[in-house]
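Below is a structure I'd like to ask you about.
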Amino acid sequence: MPKGRLEAFSDGVIAILITIMVLELHTPQGTSWDALREDVPVLLAYALSFIYLGIYWNNHHHMLAAVHRVSGAALWANLHLLFWLSLVPLTTAWMSENDFPPIPTAVYGMTLLAAAIAYYLLQTILLRVDGGQSMLRAAIGTDFKGKASPLLYCLGIGLSFVNRWAGVTVYVVVALMWLVPDRRVERTLTAGRGDPG
Amino acid sequence: MPKGRLEAFSDGVIAILITIMVLELHTPQGTSWDALREDVPVLLAYALSFIYLGIYWNNHHHMLAAVHRVSGAALWANLHLLFWLSLVPLTTAWMSENDFPPIPTAVYGMTLLAAAIAYYLLQTILLRVDGGQSMLRAAIGTDFKGKASPLLYCLGIGLSFVNRWAGVTVYVVVALMWLVPDRRVERTLTAGRGDPG
Amino acid sequence: MPKGRLEAFSDGVIAILITIMVLELHTPQGTSWDALREDVPVLLAYALSFIYLGIYWNNHHHMLAAVHRVSGAALWANLHLLFWLSLVPLTTAWMSENDFPPIPTAVYGMTLLAAAIAYYLLQTILLRVDGGQSMLRAAIGTDFKGKASPLLYCLGIGLSFVNRWAGVTVYVVVALMWLVPDRRVERTLTAGRGDPG
Amino acid sequence: MPKGRLEAFSDGVIAILITIMVLELHTPQGTSWDALREDVPVLLAYALSFIYLGIYWNNHHHMLAAVHRVSGAALWANLHLLFWLSLVPLTTAWMSENDFPPIPTAVYGMTLLAAAIAYYLLQTILLRVDGGQSMLRAAIGTDFKGKASPLLYCLGIGLSFVNRWAGVTVYVVVALMWLVPDRRVERTLTAGRGDPG
């Protein structure tokens, strides 16, 4: 099954999610700097979720670039991933509008955890379709980040109940870990094309 | 008429629908587990509609992959299908926010029924354009699911007035019926390419 | 300049517009048939605007299929058209939620009129880029519908002040006029390919 | 790395942003001309932001057309640009619904300034990937507009505190400056193809 429409649909959904989050932001109450300052935590939570969705789009982009075809099961695994990502705007709003209390902050982490697991499932299914010698397999390598993220999310969820900022800090750290350029896939893809650049 | 833009437009609309449903979800009132628990029926209704829209996208994807060209009538039949699908977020919200009372639950089923009929019309028009020997004809086969769904929706609509959960249960069963992998089209397409895989 | 991204962007915007209109629909107050019945005029206005946006997408699709390249001016003429279309959800809501009073009904017609003029401008610019012997020129022919629509919108705008339903009726008539299959472009395109079908 | 999905994702996000701004517009209070007149400043602010997003789409379109490949860093620079653009609907609403007071008007300019800087960063990264002899380098030329815009935004931000309309006027002037057809890239691209037209 060609992968074009799967890519297009995923791009569409992630583009919409990353954009409609802004609809959950309310204009500040009043027109002073103080009014804006009160909204800063909400804006930072928005920025964090924007980065997370950007990371997912980016990784999804690379993963699909490394496979040649997809199966029916991959379509559903992809929708499953999109389902959890679609809850990000809601949990971001719940967490940030209430000033980061324990339960919503933990639930935010659970959404990230569920998305990470869904991503792992999708990756596993794509690998099975593509076969053992696949370019994707080579590109993933030891998949350190993919394995560390769920553990860190669990840590963040637990810490949310200890101190509200500790949980959020872990989520920020995971985002930064992914933001650090990851040239594995790019390098492998380039190597696969015999391109020295 | 080439089918590319029809696919792209449908992907766009379904991607938007599946995503904006989340805008109908309100953040829980309060920050306790109880507040979240109260929202669980709304979240489950959201998940059900997410799956339905995913099924439509999936089936639409397969159906269009099996035809070579589309007609002007197919463009309108497609828009007609998208119209009914566009009402899914509204009827989902009406049903779930009011805790699944008879009439909204029946109206939810009517929207699904109308979408199923619109899908059938689109399929019929595409078959006419593609001719009798078409790959789509072979892929559809007896179309058991396509024929059973409208009957089951009617059953669900009727049962909504008897017991609120009976109607919803039928809608869940239909969704599960479609979720079970349907390899007909995939197999036919693969066979058509002479690919043993 | 290739036309691919212009088509993709326009498809995106029209797909979003046709879909987000549903966000302007409020769930009925209450769960009775009466509650639903009160929303029927709003739903019909939604259906009318859905059809109008569908007509624009359809015509846009055909028009772009008949040209080979676009100019910088065409990009802006296209954005100008999308601007007026983007006001359709707003004027639909203003008109229908207030039960079709004279001024909002007239303003709805003015939005349609402005979109029709913008479409005509875009068509003119595309023709200039494509040259006098273009396939688009042949496809348009006498452009009866394109010329009649603005006059009918003016009539509808005027009639809105006489009788609320008279104005809406004219808008419905224009929509129906466009819905009647228009095989000109399709026929010309097919002929241009030397395809007898 | 091929640029197709980057273009598609950016088109998606900008198309959504330009469209969902309309969701921030409230239907006028009442059904009189006066009610509509009160909304005129909000509508004009909407039109200004629509034009700005259109300019960004247009320039983005041209810039990507002039490069052959993108890097991982370009994906993130692009997301960074989209982040600032995503705040445009919010700052537009904050500024216009409060009748253009100093601070929100200045913050609107800051969003435009941040987007302009992000655009410049993206352009710089694309140039580095494409190499010194790139078509993009030739197309940009002295980049007068790109250099003048941030300075003008700073002027507008400052003037917002002096007189509310002075700041907005500067933003309108920058938009007009970009709207004036800029044939540089188009000419260079055409020349690169050896096309005299």
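Which chain is which? They are A, B, C and D, in the order written, and residues in each are numbered from 1.
Here is the rule we go by: a contact is a pair of C-beta atoms (placed from the backbone, for glycine too) under 8 Å apart; a residue touches a chain by one contact, two chains touch by 3 or more.
A quick note: this is a predicted structure, and the numbers were derived from the prediction, not measured.
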| Self-contact between copies chain A and chain B, residue sets same or different by half | different
| message | Need the CA-centroid distance for the pair chain A / chain B, whole Å please. | response | 26
| said: Just the number, please: Cα centre separation of chain A and chain C in whole Å. | reply: 37
| query | Of all the residues in chain D, which ones touch at least 2 other chains? | reply | 8, 12, 16, 20, 23
| query | Is the way these chains touch best called a line, a ring, a star, complete, or other? | reply | ring
| query | Considering the complex alone, what residue numbers of chain C touch chain D? | reply | 1-2, 5, 8-9, 12-13, 16-17, 20, 23, 71-73, 75-76, 79, 82-83, 86-87, 89-90, 93-94, 97-98, 101-104, 107
| Complex interface listing, chain B residues touching chain A | 7-8, 11-12, 14-16, 18-23, 25, 27-28, 31-33, 36, 47, 50-51, 54, 57-58, 61, 65, 179, 181-183, 186, 189
